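To start, I am sharing the structure in question, which I have written as structure tokens.
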Amino acid sequence: MKKYGELVAERSFLLSALASSSITVAILAFMVFMGLPLMKQAGFYQLLVKPWAPYQGTFGIYPMIVGTGCISLLSLVVAFPLSLGCSFLIATIAPKPVSKGLRRLIELMTGIPTVIYGFVGIFLLVPYIRELFRSGSGLCVLTAALVLGIMITPTMTLFFCDSFDRIPRSYLTAAEALGASRTQKLLYVILPCAKMGMLNGVILALGRAVGDTLVALMLAGNSVRVPGSVLEPARTLTAHIALVIAADYESPEFRSIFACGIVLYLFTMMVTFLVRYLSFAEGRRD
Amino acid sequence: MTEAIKIKVADLSFSYRDRPILKNVNVDFAENSITALTGPSGVGKSTFLMTLNRLWENLPDADMTGTVEIRLQGRFRNVYAPSMSVTELRKMVAMVFQAPNPLPMSIRKNIAFPLKLAGEGNREFMAHKVEHALRMANLWDEVKDRLNDDARTLSGGQQQRLCIARALVLEPEVLLLDEPTSSLDQTSIAVIEELLLGLKDRLTILLVSHYLEQVSRISDTIVRFDDNTIIS
Amino acid sequence: MKTRIFEKFTVVFAWLAGLVLLAGVCLLLGYLFFKGHASLNLSLIFGDTPPLRALLLKQRVFEGLFPAVAGTFVLVVLSIAWAIPFGIATGIYLAEYAGPRVKRALDALFDVLSGMPSIVIGLFGFSFAVFLHKHYSDRIGPCLLISSIALSFLVLPYIIRTTQAALEGVPLNIRLTALALGATRLQNIFLVLIPRSVSGIMSGIILAIGRCAEDTAVIMLTGAVASAGLPRSLFSQYEALPFFIYYISSQYADSEELMQGYGASIVLLFLCALLFVTAYGIRKGLSHFVFYRP
């Protein structure tokens, strides 16, 4: 009797594992299935490079790809120095109580909902940008990138800190015994060792920036033209999905959102496998 | 014939997380000699070494009272005075650990590391210093053709001599060694002991050791620790 | 000398970065509280309806956040209810039964899932609803059920990972004790390993709860609307707090509605902070309790 119960339990664990993992595959399958008519009509590659002009019959998502690219890369430019500096503070430069407090604060920040970043961004930052640059409505690539940058900084910082913590203690003791100051320990021992881990953190943060919907939706203006400068509005792949979802089921506009979904999915897969490969390679090296 | 005193320790007490590790230690160390610190395990010998170069200050929950004075650059200096910079202290009081701890860099860069910390930029000068330190540690002939190899590719005994060379490159006045040969084989031990004997007339050497034979072979004075204090 | 300047520069840079980040957070939170604190009273949630009657479901609440709060609450409960059994079971399988190759493959799939943009998961939920609508029943569309299932996909990786990590973190000697006394694998899991891993699993669940409460992208596509009253059934549309905030930000008609938006933001923020602190407290407190049980 006991043996039978064991078997049932083991089978059910396995089944749930299979069911859970099949979700990942099912997502791709559904999107391909739903987007197929448009892709067959226009060709998937064509979709990626054509502009969005429904009245002319082209439903290319190229402007959205550019929008996503600009906003997320710019947000990395904002987030990377901030994360680097804060991780330095937490690791060695700041005195213990400040370092602990800052780390707690940053951990808390990771819990702030994205919709709130967007909400405050609209009413605080957008008018300011509008006044400062005197062009456009303030809803543009720059605004979205600034807010997105601040949003991904906590995760990147914590990731950097974890990379620093993983460095073998013997290196740090050696440096201390030789008379290295805190900054010297950081620059000449910790950073060179943690390089790979930090790269992983940057790639993961990029993945999060690309996948964000609300900040771009609320702050980037959502125009369908390819943005010419950071002060122009843009639309991301994610925002496009949110906006076009209300369109008619059978129309090609509607099906374009599945093309966006597929691009996002493939990008996520790329990022995931890249990070896994880098971690694996790093583990092998030591 | 009495040598001049190099290190004076008075009323030193040390506790970690409210547990006393050292109690009322009073001892002087003579210059240009090898002093061995012996005693049972866990009695505070390694901790004692750390009070001399203030390495314990990185540990939280550690507390120390008492004075340590070392004669550096001719004058007796209170090691714990506010005017004494810790990084400067450690350039004059060097330490070698039980397990060799090469940094993840080439042999050359390992030895040159303290020079880099001191702000030295002249490549020729650094190369000269590196060779000098490696010769002092009896390692030059074995590595002179592979200075750019990763230091971790060396054998255990070679790594420990690397660490000694690295500790010597800034020409410190005191060398602290915490059981430097306990993880090494017989030949390496012999090499290192000979090395220490050779360094004696240039430095003051303190050596923590469990091996009574080693102690009697090379040391001039023996300081015994027991019950968290010194008994001879 | 150049190195000295570089080192000093690094210190200045680090402090600057810390200050900028601090300023950013203070600006964000300060602005929210400054603008919204006036709206923090019971009428924010319950409108003109007396709170007791609203809570007992005797009277509908207009002009208040209660439907949205209730909607979020029901949504989170449902999503977690789907996610917990599958998540924990999968975590157990990965930690205790899976061979190395299977583990690597499943691990990769869950890694991809955990990095998936939430809007893509929402899109999947939406397509699933459309599929059911066309092939199954005309009455099924984006609704509470679909939303909660989609949200459970979103947080499944959290629960799987924390369960797996907690189980794998049990030290070897404890793992072997019960087995050496004759316990079966299953008994070992449920009587020894799981109780030891409770705090890890719990903190994963709390994290998942927080994620469900704050998410907007998934629910936007799968059934959240601006006004639907209290959630009537699994197959009806519903209101949710984060969606309300999004909706108000672009569709507010007057300053009163805007104030509601600020108030809702503060409520949501408070909720997430509470969950976060609870997760932290659980991780610290429960492990203390588990280890020091007499």
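Labels A, B and C are assigned to the chains in the order they are written; within every chain, residues are numbered from 1.
We adopt the following convention: a residue touches a chain if its C-beta (ideal position, glycine included) is under 8 Å from a C-beta of that chain, and two chains touch if they have at least 3 such contacts.
Just so you know, these numbers come straight off a predicted model, no measurement behind them.
By the document's definition of touch, common neighbours of chain B and chain C comprise A. Note on interfaces A-C and A-B: more C-beta pairs are in contact across A-C.
Taking the mean of each chain's C-alpha atoms, the chain whose centre lies closest to the overall C-alpha mean is A.
For this pair, chain B with chain C, the centres built from the Cα atoms lie 54 Å apart.
Averaged C-alpha coordinates put the centre of chain A at 18 Å from the centre of chain C.
Chain centres here are Cα means. That of chain A falls 49 Å from that of chain B. Residue positions 116 of chain B each touch two or more of the other chains. Shared contact sites, meaning residues of chain C that touch two or more other chains, are absent.
Shared interface positions of chain A, defined as residues touching 2 or more other chains, are 181, 184. Interface residues of chain B, counted against chain C in their complex, comprise 116, 119, 121. Across the complex, chain C is touched by residues 2, 5-6, 9-10, 12-14, 16-17, 19-21, 23-27, 30-31, 33-34, 81-86, 88-89, 93-94, 102, 105-109, 111-120, 122-124, 150, 153, 181, 183-184, 186-187, 204, 207-208, 210-214, 217-218, 238, 241-242, 245, 249, 257-258, 261, 264-265, 268-269, 271-273, 275-276 of chain A. Listed in rising order, the residues of chain A touching chain B in the complex are 96, 170-171, 173-181, 184, 188-189, 192-193.
Put simply, chain C touches chain B in their complex at residues 1-4. Within the complex, the chain B residues that touch chain A are 53, 55, 58, 60, 86-91, 94-95, 97, 99, 101-105, 113-114, 116-118, 163, 166-167, 170.
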